[in-house]
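Read from first to last, the chains carry the letters A, B, C and D; within each, the first residue is number 1.
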């Protein structure tokens, strides 16, 4: 198969990473059984390295099957580390599975039963040790069971207290151990719970401000999760950057108002994906580009690697389009017509002083002229559309 | 018409308020002309007072038609104030219309043109004076045009800078004047713009933390706006309370994933409305219960007052159901089965100390027993359903 | 537990049925393992009978595990039939699992591979025999895998041809065997496929008209499935009745724009559930009231029976409210104000004749008076809200 | 402005049409006043002709202001016809405004008041005469007010009876007059009513089968309307073609789960737009490509023509991509891997005979092999993504 031009070949410098659970996804869904055999994490590392990836991420259980003995754990780690060493692959992020075991059915950090909450914390600190051992710099926290269907069964403010207590404890543990780990919260609106706590990027950003060590905690926004609610992912990430809280990112694709699809990056919402890539690149954001997606259930094992390759290629194509956007004189002219630079001017040049307010009151506004101005968004948007379609 | 039992008659102590624009809504929509004649604001005050309301809110233009002379403004205010005095009605909240005039078509506080931003600010400080003059304690800020359709035309972080500059200026103005006004931001995900900035309660809560006077700024969450995105309004308000930022509230009804409907409170989503009322009442929240809704377009002027009465009655019915919930022994027993009180216990009783982490590691968890426990949410939820349907 | 008043005790005359897969649901979801042990179908029959149900439905695999020998099949059937006989429970509906096995990953009746389509048909005719053997009158056809994520991989008109060929073959088989079975198609918009064919009640009704034996085929609308798309389920069922195609119904609850939730009937959308029950009862529809829902994952085995009881009780409560609606003089007066009876008058009393058109042209319409009329929907809707909340 | 390459210049042979109301849209929305001056329909005809359009469509009121005298009507028509003659522009479609006037607030053809229904019919037959006079071949029927918010106020089956009576009357009138007009129903799920009748393409297709002259009635599917519900527009149009009922089409863009946006074609959902264009072109569908969209509110008059140009250019770009799809050997190879041609084979080559069923029963299926096959959708979908992005 030779469908790749050389221009869009991923390489480690592009810093693409994949979760072990993404290429390892076996195609099970709520109505169907697995369609693919399990993949050995060591195989995943090798195949992804061949494709040009930079590293992998994992949940504790992805790497070390629950119930493994200490000896088994060491054996697994040794083999895994050897694969990393052989390939030069990195582990920039680790996380904990706090959602699969039935013990978490009422929540993990917000479970009503304090014993369950303690177990969740115990499992988490083990996973943090594992991540730190493998060199992770980011610990992701997705509260997949932190929510409720029967609202009477959860006191939401009390649940948020418990949630904050858990994140505070995690930060304390990291500090106590002297790890170089940052914590990144991953919001999601619903599924697998009826409603999840911290449902959007905004709710999680606000939550962080109430923590003991807000400087240690940021976000891991996911394309699919914001999109499920119909919110703009590009705007969500832009606000996260504005708060200086973009610690990690999960790239995939999703249609609005549906089950969590985790499709290949760019396979839906090309325009949204473009603005996102443009934002990350123009901000010179230095985090890894992590894909949290999986192959369609129709695929055999081979399709999984096509899936992985496609995620990376689409990112690279869009990155090149972002460069073209900056270099396109028609687009730049249209941006000037839209007065985009006007947003960087201060509104009150002398700040909000009494004199400024008096001046505001005295200012004569020609409302008719201001209202009549044409911002040229139709032309600008069409230029972007044509850029995306490759005809400019 | 005698369809009201005496138990649910609103009175000023219930602190119900309505926007002048709500009962004054004339039934225009994107596809149709007005179906009702205009209502004199003085008439609205009188009719709402008769129905048992506590007060009214307004946008500057609702009360003082744009272009009024100073003399006209004084004349209108005099009449309006007389109606307030006659009826004992209050004006707890005021706001500015920054969305109707074409000058705002590219935004108000985030317009690309700084002149438009200055005009928006000038209009706002006039509206603040007007609100303060009539005794308002809350100034609401809904950024109806702060957003975009053509993403290339907005630099989102720069737009957030402008947004913050405007809110900072508003706070400075209020402080400078010595007004007793708090500022409440009202989030909305989209409509009339393709995507709005600060799309949810969460995004706005996070934004406040970046302001110069965060203590002066809180939220005005709206039922319809959170519900449009499919997010739980009850959870949104609970998190707002958790941050101590519930400064005002807009009550109405809405179906998920549709145009902004602003239906009569409780006419959709009875269950969500119940949990909201329960939350506000149990928190003993002392703000006004403000309805931002309007009568169906099928109604004549008389239907408007049926609409207003219905909003208040449904609130009172649900308030009584919240009291029954607390008094119902089956429900209380079911809450115990669900271990709701467990959420108020600390997870780590000695805090996140090294000793606590060591103890966590040593703790033996009986996962099978924890996983097997039945939380009884089906029974609990059914009890609430039956409470809502009035059969317990 | 004594939370049931005697008024709402289900009995077989109410004709409530449950899928074996509903009470047998073990709480697995896309992110979590099973939380409940398997239930023996015979146990389900006994427990449901005790609760007052009328019967059960099943997929072939629910009753006869795939791979069972003929002897095992007979043994299972004998025990199952004995349970039916003991309890008086019936099997009004049967269906085929064409979605769990990986062989169906690209579709069953619309799989691109004709061999898969043939296997789907072979499995279906076996399931039809099984259903007929147990007395089913309705065979339900849910095309859970009939759809696609990658649109290039399906020629939609060709897929609809295959779909029609399969349904025609099923009808032919039923006729050939002389079974008294009707076929009911169950539409769904998406999940587990990105987009499903025949996504709504409307699409399926249209499809039926192209079949060889349209009189044998009708619908099995499901509350959750229409609601996922934000469509009114009450309207969907009303249109199905209008076409005389309501052959079966799946009752449950769902929030708009989310994963398929299959919650307890009435646990979300009380108003929608009420209008549905009112519609079915007023139409004197004689089908069974089938629940296709399952207990929350938080429940132990005992919670499953609370779930089942709750579904039935809510239906009975709403049925009684529909009777009250008809008997409430205020509501009836409000219906008159809304001119509801006007819909049953013919618009052109003499039909669409040239004379009628001439008369139409000559008719003088007092548009101002017609436009000024108030239909009183606010009052009417509030009366219904209060009926639902049990205060009238 | 020279942003157009010569390859994608529209010409009349491309058969692009626009509603007068689309380019004439003045930017009013539920929260804001008009931002653009009115456009003379004659000017619209001239400008669209210059841009390469084929024709225009209109509602009666777009061309003849309500309340015009007969003389005024004739004068308007004379000028308009002259513009058509001068430019060679055509009027392939006409429709009636049955939604703006308050008289229609409770519906038009399904208004509870028979007098309103008669007025709607009288207005419609006048509009049909007007359309026929100008050479229209398609009469579109969008029931913008045919729906309800307060469900108690509508008997849905009775409303469908009235709806059918109206469409039957329209067909009778057309036959009686000997017009060469086909009727095309335009479905929409909601807005401006809470729920609309005939909410999707499917519901309308089913409805047609109950009419007196089903052969005269087909559909006018609209991209935005199906997309509002999250349904695939490409699938909707494919099923409409399958029923041979695609009589007209409305092209625009929309995000799922939002207010009716009517954006420029291709500005959202490039992938969906591509599959739609591919479908129409490969089916060699001979209808006009009609745009029912409007310029953003940020635009001055000049932006309107950029908007119109953009709609057509994007269609032409996607049409060329559909040709490339057919010519791309990698894509064709991937289609073979996906077994797309297998859908055109019959499942039962000898039809649904007893012998076929016996053969089915005897057939040995190698389920493991069938389940293991990889359909290669990831590669295929990525190839399409790269085609869309212009890198192949």
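To be clear about the criterion, a residue touches a chain if its C-beta (ideal position, glycine included) is under 8 Å from a C-beta of that chain, and two chains touch if they have at least 3 such contacts.
The shown structure was predicted, so the numbers you read here are calculated from the model rather than taken from an experiment.
Q: What angle of turn lays chain A on top of chain C when you fit their CA atoms, given in steps of 5 degrees?
A: With C-alpha atoms aligned, the rotation comes to 180 degrees.
Q: Once you count every C-beta pair in contact for both, which comes out on top, C-D or B-C?
A: Between the two chain pairs, C-D has more contacting C-beta pairs.
Q: Taking the mean of the CA coordinates per chain, how far is chain B from chain C in Å?
A: 37
Q: Distance from the CA centroid of chain C to that of chain D, rounded to the nearest Å?
A: 30
Q: Please output the residue numbers of chain C that touch at least 2 other chains, ranges allowed.
A: 35, 101-102, 105-106, 149-150, 153, 190, 230, 255-258, 267, 271, 296, 298, 371-373, 375, 377-378, 381
Q: Mapping chain-to-chain touches, which pattern fits: line, ring, star, complete or other?
A: Basically all the chains touch each other, so complete.
Q: What residues of chain B sit close enough to touch chain A in their complex?
A: By the definition above, chain B touches chain A via 101-103, 105-106, 109-119, 121-122, 125, 149-162, 165-166, 168-169, 172-173, 176, 189-190, 195, 197-207, 209-210, 229-232, 234-235, 238-239, 241-243, 257, 271, 275, 279, 325, 331, 334-335, 338-340, 342-348, 352-354, 356-357, 360-361, 363, 365, 367, 370-373, 375, 377-378, 380-381, 384.
Q: Which residues of chain D touch chain A in the complex?
A: Chain D residues touching chain A: 1, 3, 5, 7-8, 35, 230, 255-258, 264, 266-268, 270-271, 295-296, 298-304, 306-307, 309-310, 313-314, 317-318, 321, 330, 371-379, 381-383, 385-386, 388-392.
Q: In the complex formed with chain D, which residues of chain B make contact?
A: Listed in rising order, the residues are 27-35, 99-102, 104-106, 144-145, 149-150, 153, 190-192, 194, 230, 255-261, 263, 267, 296-298.
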